[in-house]
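Pasting the structures here.
Both of the next two complexes hold chain A, though its partner changes from chain B to chain C.
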Partner chain A sequence: MNTSLKISNVTKIYPGCVANDNVSLEFNSGKIYALLGENGAGKSTLVKILSGVIIPDEGKICLNENNLNLNSPLDAKKNDIGMVFQHFNLFETLSVFENLIIDSDEKREGLREKIDTIMKKYNFSIDLDIPVLNLSAGQKQKVEIIRCLIRNPKVLIMDEPTSVLTEQETSELFLSLKKFSEEGILIIYITHKLKEVMRLCDEVAVMRRGKLVSISQVKDENIESLANKMVGQNLKTIKKTKEKASSDQLIRITNLNFISEDPFETNLSDINFSVNRGECLGIAGISGNGQSELFQVLSGEIISDKNSIEFNKNYIGDLNPQERREYLMAFSPEDRLEQAAIPQMAIFENVALNNFKSSNFFNNGLINESKIKEHSKKIISDFNVNTDNIDLKSQFLSGGNLQKLIIGRELITSPDLLICFNPTWGLDVGAINYIHETLIKINEQNKSIILISTDTDELLKLSDKISVIHKGKLSNIMNAEEVTSEKLGILMGGGN
Partner chain B sequence: MIKIVKRDQPSKTIFFFTPVLAIFLTLVAGGLIFFILGFKPFEALKFFFIVPIADKYGFSELLLKATPLCLIAIGLSFCFKSNNWNIGAEGQLTFGAIVSGGVALLFYDQEGFYILPIVILAGAIGGIIYASIPAILKTYFNTNEILVSLMLVYVSKLILDYLVVGPWSNPEGFNFPETRQFSESARLPLLFEGLRIHAGIFLALAAVVISWFVFYKTYLGFQMKVSGFSLKTAKYAGYKGKKMIILVFLISGACAGLAGVGEITGPIGQLHREVSPDYGFTAIIVAFLGRLHPVGIIFASLVVAITYLGAETAQIFMQIPKYTGQVFQGMILFFLLASDYLLFFKFKFIGSKK
Partner chain C sequence: MIIDINFVGLIIASIMASAVPLILASCGELITERSGVLNLGVEGMMIIGAISGFALMTITGSLIIAVFGAMLAGVLISTIFAFLTQTLITNHVATGLALTIFGIGISAMIGKNFVGIPGKEFPVLFEGLKDTIPLLSPILFGHSIVFYFAFALPFITSYFLKKTKIGLIVRAVGDSPESASNQGINVRLVRYACILYGGAMCGLAGAYLSMIYTPQWIENMTGGRGWIALALVVFSTWNPIKILIGALIFGGLTIIQFHMQAIGVRIPVQFLTALPYIVTIIVLVVISRDSRKIRLSTPSSLGKSFHKDN
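Coming up: the complex of A and B.
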């Protein structure tokens, strides 16, 4: 049976921003549709409207010519719209089976049979009786998908499903999605990754700033054309000129171990690597494999054995971040809003978070506000932060501008080593380009970078050497030229 | 058509205007309530807000009530500005009163200049000890400080109850639930003959100045602020975040404890069951009405103190229950929170569309 889903003139206005501006789209079963756009383009709002989480200000949604009234996620389920969100909605401590039946009103016994049939049909193999916390990200996603399939959905919406998957898991997911599509389920695939659109989808709708800017057949497009539609301008491509880095060793990590008391953290075992001056070491991995712990150990938020970290011929493993900064290290954490900056504080106050003795931000225990402000103004102009008001609370900066401020704050003291963790996560393409250019510039000035990132393309673009972290262990360090994203994918999944 | 639009950034003018708006709305709503109860609204409001402070004695009473409110609110502002929700100031006040009262009782038959400072210090330490319980539980055991600090209020009140009825009750007191009178040397001196206003007001004023300086001018204050917003950030910056959290609790406990000292060594001069008419809770309203700013808190404590006096006058002259005072305090907080909406949003009038 054919399914058609029609969105007509949907508008959703939030205070200060139009999330969806008069969006009309039509989907028919048998095809896989991509909804493409940058962060903040309005994809998620549209999807949330389709799944009943958000009620639109104006507009209609029709499924097979029936007008739908989606006032809650329950309404979406009743109308056979299934949704797999980017962040899993699973109870970690409950078993897979319990998670699957938790929102179902059918009988338990019948469901078990039904689930078994679904798993057999699509070649899913998951133990139904183990707790969800023992599953990999890919398996968790399958649980979410099965939960939708139990209800025989007509429409299946996938919101950025590959952000936590390895290359191999992604391929598996795509095979399943194609199979669902052949069976008549209408699939809407939300992403900002262009390669995936090219690989998986038949039709692509591009959104930008809340508006629908184009609908086209994927076969008529290529990556560049889609990128330009998504960003709305022609992008220059950045490339790092790879020079021979010096053999002058800057930092060396020896036999570093970290055992956490928190069961949700990853232990680090036997980490060894070194970085030379002017070099960028990339550390790849799927999120949750110890990156955050590694970052904290390197920054000094987690203190380790004194001799495990040698920086510029000093042993600094037992120093806290402030003390390490004095040795000319700088840190840019992953979480901009909860760690690297405090949104409720003014820009200049956030600048004071990176405090050197020589910067004289605080004299004899008193705040030297004029000094901090002077310094902040310099960062804003040197690093293109789009504001001239340093008294502004930093929550009013866009993600890109906030990241520029943070990177600027860390770099303006010209450190020898910058350690950054997912520096372009969630940023728009323009800001990503700027950050990448800045990082390349640092290497050119013979300064070093440790780049921990979950974005393989970014790592391949910026690194001289690459290693992969998996379950708290680092792989061998490889030369970036010899590495392909396929190879990284295998290592990220724990293969050899 | 009226549209609600988000402000690009909160308006500074509105920030200081909303407390005034909240007070105004409270007066209007209060007038309405009086009207429904069958009183003339303006006359009733006059009894409530003007009559009580119309003479010298009334004004002294106003300052007397405002002193503990101001002192506690200053302490609380340290906690609240750094996102620590200590709502147990009433308990810290009570425990401060217990400790300082206990010390004062040790000296009940002695005189000497050294007694008062010891008594005051004991009160501050009592508050500190009591505030350290939720602080340590929060930082090292991840408990919720709102629950712990609130529940401890009732514990301290029961301890006080036990003491004044049992071991500390006045041997010559005919089993009244109160202790002996403290000696003169353990009492905060009265400022004017015949008025009850006492030297505790200087403690409050000193707290205002010191807190302003620490919070806005020192590195310590900066670290407290950062730690309060995000412990992760504090760790990343290299601050001792957990210690900062404990510190703000201790400061606020000390202030509440001092307020307790003022209550028992000022006008009362002994420990009894009701050392505080819920000053510790009302001070939460004062802190927010004063925008957590030291100067704002001075004004807010005066405004809220009137509701205590007004409730008493209204009870005497209009036979309204004195709990009306609490109704007014509640309304102030309610309208303040409601008008804070204007901080982030503004109304925009636009001509009819289409």
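Coming up: the complex of A and C.
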């Protein structure tokens, strides 16, 4: 049976921003559609409208010529529209089966049978009776997909589904999606990853600043053409000129172990590596394999054995982050608003926060506000932070601007080593480019970087050496030139 | 020394009776907290229940009206809390504390006219069987219906949470209100219902105190039991069966230390009075040490306000 979904003249206006500006699109079953755009382009708003989470100001949605009134997620479900959100809508402490039965009207046994049939058909294997928090990201996504399939959907919307998946899991997902498509389910795939569009989709619609800018066949496009449409200008490609790094060792980690008391953290076992001056060491891995613990151990949020970390010929394993900063280390944590900055404080106050001692920001315990503000203004102009109001609370900065501010702040002291954790996570292409350029510049000034990231493309672009973390253990350290993303994928999944 | 076996039975029965208000209030609060709402107004709701029950009994003479009236009073006062925290999105902690202060104040005001009035006798069940089995008879028979209900409640609560669909929805809302809302569950409605249910159980707990346990009205007669009930919920790691254990230990030590004081055991009184609080918490902490289970039973959204962004 054919399904057609038609969006006509949908508009959604928020105070100060037009999220969707008169968007019209038509989808037909049998094809996989990509909805492409940067963060803030309006694609998430559009799919939230389709799934009933957001009600549009204007416009209508028709499924097979029937006008739909989507006022709640329940309406979307009733009208056979299934949606897998980027942030999973699962109940972590409930079992898989409880998660699935909660919005189903079927009896326990009937539902179990149905789930078993679906899992067999698509080769999923998930234990239904364990709590969801014990599942990997890929398995959680499968639970979400099963939840949709139980209702025999006509339309399946996937919102940035691969952001948490490994290479292997991504391939599996793509196979499943193609199968669903062949079975007549209309698939709408939302992403900002160009490679995935090329690999999976038949047609692509590009959005920019709330507007639909192009609809085309994927076979008529290539990565560059799509990127330019998405950003609205020609992007320069960044490449690191890989010089021979020095052999002057800056930091050395020896037999570092961390055993957590929290069973939901990962233990680190027997970590050994070193980084030379001017070098970037990339650490790849699927999130949740010990990256955040490793970052905390390196930054001093978790104190370890004094001799396990040697930095610039000093043993600093037992020092806290503030003390480590005095040895010229700098940190950019993963969670920008929780760990790196204090959301309710102004930009200039955040700038002052990591510079208690080695600056003239404070006189006899008093805040030297003019000095801090002067300095903040310099960061804002040097690092292209798009605001001129340094009294603005940092929570109102966009992710990209906030990240630039944080990196800028960290580089004030001209540190010898910058440790960053997912520095471009969730940023748009423009901001990613800028951060990448900045990181390359750091290396060019003979300073070092430890880059912990879940984005393999980023690691391959920026690193001189790469290692993979899996279940708290580091793989051998490899030269970046000898590594491919396939090889990283295998190591990230625990293979050899 | 010969110990009368029926005397032991009576002591156990009195321990169980003193645990009743704790079990009722804790099991009510447990449902509220499992939906992600932290209501610190337990003490206030209990005392409102106590004065409402006693006042209605004195005025109408009907025990049934008094008991259900006390529960209704608990529901009404918890509706204030629900309206503030769920509709006006106020902070749970501050609102709950205000509720307790309000409850204590208003109950003292209403209660002025009821001080010194004797209570009524509350009918007990199975009184004829009281002398049939040694030791067990005083434990099992001759109690009010509220007593039997209280000891069934932890098991009912456990069954409700684990086995019923509505229980599953309550847990889901407490785990992640965002996900629940996206699944089409009306989070606000579920939370209102859980808050009101908690209010009803606290009202009943209060009525038990003023109508059955010590049938009279004394200002501030809950005497901190609401706070103990709150602590039991947390230290039992949101497990109704462990609430039962905790309430019995607390009740038991309270009764036993009275007897010890009466016999004249040479331990400082202050220590004896503090003993139930310390031991209950230690025991509950020890039996709930499994951090995996704690993670699974702790409502992740506890105390956090939820409002749909739109």
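Basically, the second predicted complex is superposed on the first by the 494 of 496 C-alpha atoms of A that agree within 3 Å, B and C clash if a C-alpha of one lies under 4 Å from a C-alpha of the other, contacts with A are read in each partner's own complex, and residues count from 1 in each chain.
Please note the rule applied: a residue touches a chain if its C-beta (ideal position, glycine included) is under 8 Å from a C-beta of that chain, and two chains touch if they have at least 3 such contacts.
Nothing here was measured: the structure is a model prediction, and the numbers come from that model.
Visitor: Quick check on the superposed pair: does A:K142 touch chain B, chain C, both, or neither? Answer first, second, both or neither.
Guide: neither
Visitor: Would you sort A:Q322 into first (chain B), second (chain C), both or neither based on which partner it touches?
Guide: first
Visitor: Looking only at contacts as defined up top, I'd like to know whether chain B or chain C touches more of chain A.
Guide: Here the partner covering more residues of chain A is B.
Visitor: Under the stated touch criterion, which partner chain does A:R208 make contact with: chain B (first), chain C (second), both, or neither?
Guide: A:R208 sits against neither chain B nor chain C.
Visitor: In the overlaid three-chain picture, which partner chain does A:L353 touch, first (chain B) or second (chain C), both, or neither?
Guide: First partner only.
Visitor: Within the complex, which stretch of chain B touches chain A?
Guide: 4-6, 8-10, 216-222, 225-226, 229-230, 232-233, 235-239, 345
Visitor: What residues on chain C touch chain A, complex-wise?
Guide: 165, 168-169, 171-172, 175-176, 178-185, 291-292, 295-298, 300, 310
Visitor: Touching chain C in the complex: which residues of chain A?
Guide: 53-55, 72-74, 77, 85, 88-94, 98, 101-103, 131, 133, 261-264
Visitor: Which bits of chain A are touching chain B when the two form their complex?
Guide: 14-16, 299-301, 320-323, 325, 331, 333, 335, 338-342, 344-345, 349, 352-355, 362, 365-367, 392-393, 396
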